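Can you keep this structure in mind? I'll have questions shortly.
Order of writing sets the chain letters: A, B and C. Residues in each chain are counted from 1.
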Amino acid sequence: MLELQQLSRHFGGVKALDQLDLTVNKGEILGLIGPNGSGKSTTVNLIAGLYQPSSGSLRFKGQDIGALPVHERAALGMARTFQNIRLFGNLSVWQNVWAARVVRESGWAGVQARWLASGRQARDEVRQLLAFSNLADKADTLAGNLSFGEQRRLELARAAASGAELLLLDEPAAGMNAEEIEELDQRIRALRDRGHTILLIEHHMELVMEVCDRVAVLNFGRKIAEGTPAQVQDNAAVRAAYLGSDETVAEPAATATATA
Amino acid sequence: MDFYLGLAQVIGVHTLLGLSAWCVLHTGQVSLAQGGFFAIGAYASGMLTSMVGWPLWLALPAASVISALVAIAVGFPALRVKGLMLVVATTAFAEIVRLVFFNLTWRVPGPDGNLVGPDGSLGFGGIRYFPSNGWTSGEIVTLIWGLVAVVMLVLAWLDRSRVGTLWRAVGEDEVAAQSVGINLTAAKVSAFGIGGAIAGVAGAVFAHYTTHIEHSNFTILLATFAIAYPILGGLSSLLGTVLAVVFIQGILIEGLRFLGDWRSLLFGALILLMMLIRPSGMITSPLGRLLRGGREPDGVAPRSASGKEKAHA
Amino acid sequence: MTYLDLLDLVQSVIDGVLFGTIYALIGIGFTLIFGVMHKINLSYAAASVGAAYLSLLIVQTAPPALVFVAAALVGGVLGALVYVICFRFLPLNKPLATLMSTVGMLLLIEEAIVHATAGMPQNYPAMFVGSNIDIGPLSLRGDLLFVFALGCAAMVGLTLLLKRTRLGLATRAVSQQATAARLCGMNITTTNLSTFVIAGLLGGTAGAMAGAAIGVLSPLLTLPLTVKGLVVTVIGGLGSIPGAIVAGLLVGGFENLFQFWRGVSERDIYVMLLLFAFLVFRPGGLFAPPAGRD
């Protein structure tokens, strides 16, 4: 679904990303990990269109998207969440999700979404998403007034609302406690079951190793390993890159039984 | 009585100006160009009724459309920049408009044989549509406030609709809005264009009830008033803008007449004070949300939590 | 165009460039405040003119040359006042509120001037009027040269302040990364206050220079100075002082060029169009300043 070929991005003399080759297949959950500064956020911003690549190509659903502006890439079928939550703070929970859902209606027909059948369907979808995200009873609350965990859920719901096939999740677990991460795990799986493809950028090893089908590891802007979670955990280069980091790599066997 | 009717006319026109700025401010853009569109609407409609002999009900919409078209044309390049640069760009545009009219001399023989038309620095006098057709002050006031009502209804409707939500989203966070698929340029230019149309209508009415317009009516100061109204009134509320106009024009400027020369001095001080005391504007409370008519498209009724307990942060 | 016309044109442009130092100083002031606080102080030019007016109070008792120093000092004081009233106590996340408060201040200052002088223009001491330096067929007007020299002195002073003093270092640090600066122990309030004072000193000088170059002070000066100052700031690049300097001289020169070509009443149309040209082709301005990482 998504192909990055030899993608590079320089900032002045710094090579934030150096000739990255990455493929995300339809229906999979691909994890992207790496120490701080390894280029994970740069990758997401390049895919989404907030940065332009210095060289290399980006193909989404077979189409070269390098020249497309951010909103057109979103319209093609990708959505993202942000590391530092970017909600529409003075809009209500409902309006945040509604904005993402309703922007899909093209032209002025969308203005009448209230009264047309397609409008009713759109509202049903939004209602459903809010229920799925446990935010139904907060629909009228201003997004800025939600608790941190609720805001994270809202960001996820908003990304799902746009009907995107590819979800780019930029460190969604940051700042969460163990219970919330467990919930996030379930939610990500549920999103995949609903038909989304997911690229997960994360620091929390347990989450990544549990929920991802495949994992790619970046260090200093280059990909140093790729494979199943088990393969990546055994990889010496990965271990070396993380030497000294506080993250602990979870034992796959133990956690598999825990979530059964 | 005539005094109060005159006051009502001024308040009405300034309300329209404030509403035009409200539109643009909603998408997060600070524009000092509303005075320019006001001027375009004024001159265009004046020329149409006095020089070409059009009736008002044709000239008004025509002036509005012309202003909107100019707004869209200017908006495309101007809205690519943000913040201070946009302020300066819109200021520059408004100054260009003012100076163009300052230099515009185009006079043609009118219905009674005399020359009518813009006369450079002397301005554009003889816009006599209202007197020639027997409009009373009361009727003019009704027209103005009728227009205000229509504009407010349209804006309230837009605000509730998809357009309003998208505009607000752009105003809240452009990066997030883009990432959700919103075309920033379309949103900003459409708000700018609609704002231009409203300012054009305001200008058209203004030209006709004062019968004489000139470049000094359309300074940057007017543009700062235009954005002051929604900011002071509270951006989330249409009604706040109206209240701000009534407060500033009605109470401040006219009501402080007894202070004579000092009242203009106090005016600046009062704006300062208002911002210090209530930086978000007059109406920001839940009352404001109710009044602004920004209820959810469905008035979503809270559903009982479907079973799962929420995890607590 | 005859040779004489060409000479007139060049003379005009030279005069304009010299006058442009005034725009440059105002532009620097705007850009300084914007660079440090990321906010616009719309009342800046008005405060500058106000400072020049206030400096007239000492004209009776002191030698004219001191008037300029007085204007600068008063400008600094006014700058501090503006900071305290308009910026210090307003919440940072409401840029519209600070914008409006500076508009209020602008109106206040203008009306105060009109009030105090009953709207009559006031004569301002000019220096070296009539003594010109002739270079061939062209001449550099003495009074404008003085203004130019004053402006250069102010810019040199500013550069020394910014590059050689701790205050200057703090200002530059805050403008690039306010949070980090705070964590390093810099007092943001003091830095912001001093920025306003420095800008005020420049502004007062600029106001006095305007008075000296034109010969009179009038409340009608404030709006055009504000607009031209903002134009200079944008053309020079937001936050860039060298940009403001070059842009100021540029705008001054072009202004007179346009005036020569199309007359006074159309002149500003083309100055604004020049701004638009920059916005379209070089929106970052002449010198985009080093961008800080967010």
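What we mean here is this: a residue touches a chain if its C-beta (ideal position, glycine included) is under 8 Å from a C-beta of that chain, and two chains touch if they have at least 3 such contacts.
Remember, it's a predicted structure, so these values are computed and weren't measured experimentally.
Asker: With centres defined as the mean of C-alpha atoms, identify the chain lying farthest from chain B.
Answerer: In terms of C-alpha centroids, the chain at the greatest distance from chain B is A.
Asker: Mean of the CA atoms for each chain, then the mean for all of them together: which chain is nearest?
Answerer: Chain nearest the overall C-alpha centroid, as shown: B.
Asker: So what's the Cα centroid distance for chain B and chain C, whole Å?
Answerer: Between these chains, centre-to-centre, one finds 31 Å.
Asker: Quick one: report the Å distance separating chain A from chain C, using the average Cα coordinate of each chain.
Answerer: One centre to the other, that is 48 Å.
Asker: So what's the Cα centroid distance for chain A and chain B, whole Å?
Answerer: Spacing between the chain centres: roughly 41 Å.
Asker: For chain A, which residues are shared contacts with two or more other chains?
Answerer: Residues of chain A never touch two or more of the other chains.
Asker: Name, in rising order, each residue of chain A that touches chain B in their complex.
Answerer: Interface residues on the chain A side: 48-50, 69-71, 74-75, 79-80, 82, 86-92, 94-96, 98-100, 102-105, 110-114, 119, 123, 127, 131, 134, 136-137, 139-140, 147-150, 158, 162, 177, 179-180, 183.
Asker: Over in the complex, which chain B residues touch chain A? Could you list them?
Answerer: 161-163, 165-166, 168-169, 172-173, 175-184, 236, 296-298, 300, 302-306, 308, 310-313
Asker: For the complex, which residues does chain C have touching chain B?
Answerer: So the residues of chain C in touch with chain B come to 34, 40, 42, 85-86, 89-91, 94, 96-101, 103-112, 114-115, 223, 226-227, 230-231, 233-234, 238, 265-266, 268-269, 272-273, 275-276, 279-280, 283.
Asker: List the residues on chain B that touch chain C in their complex, please.
Answerer: Listed in rising order, the residues are 25, 30, 77-78, 80-81, 84-85, 87-89, 91-93, 95-96, 99-100, 102-103, 121, 219-221, 224, 227-228, 231-232, 235, 261-262, 264-265, 267-276, 279-280.
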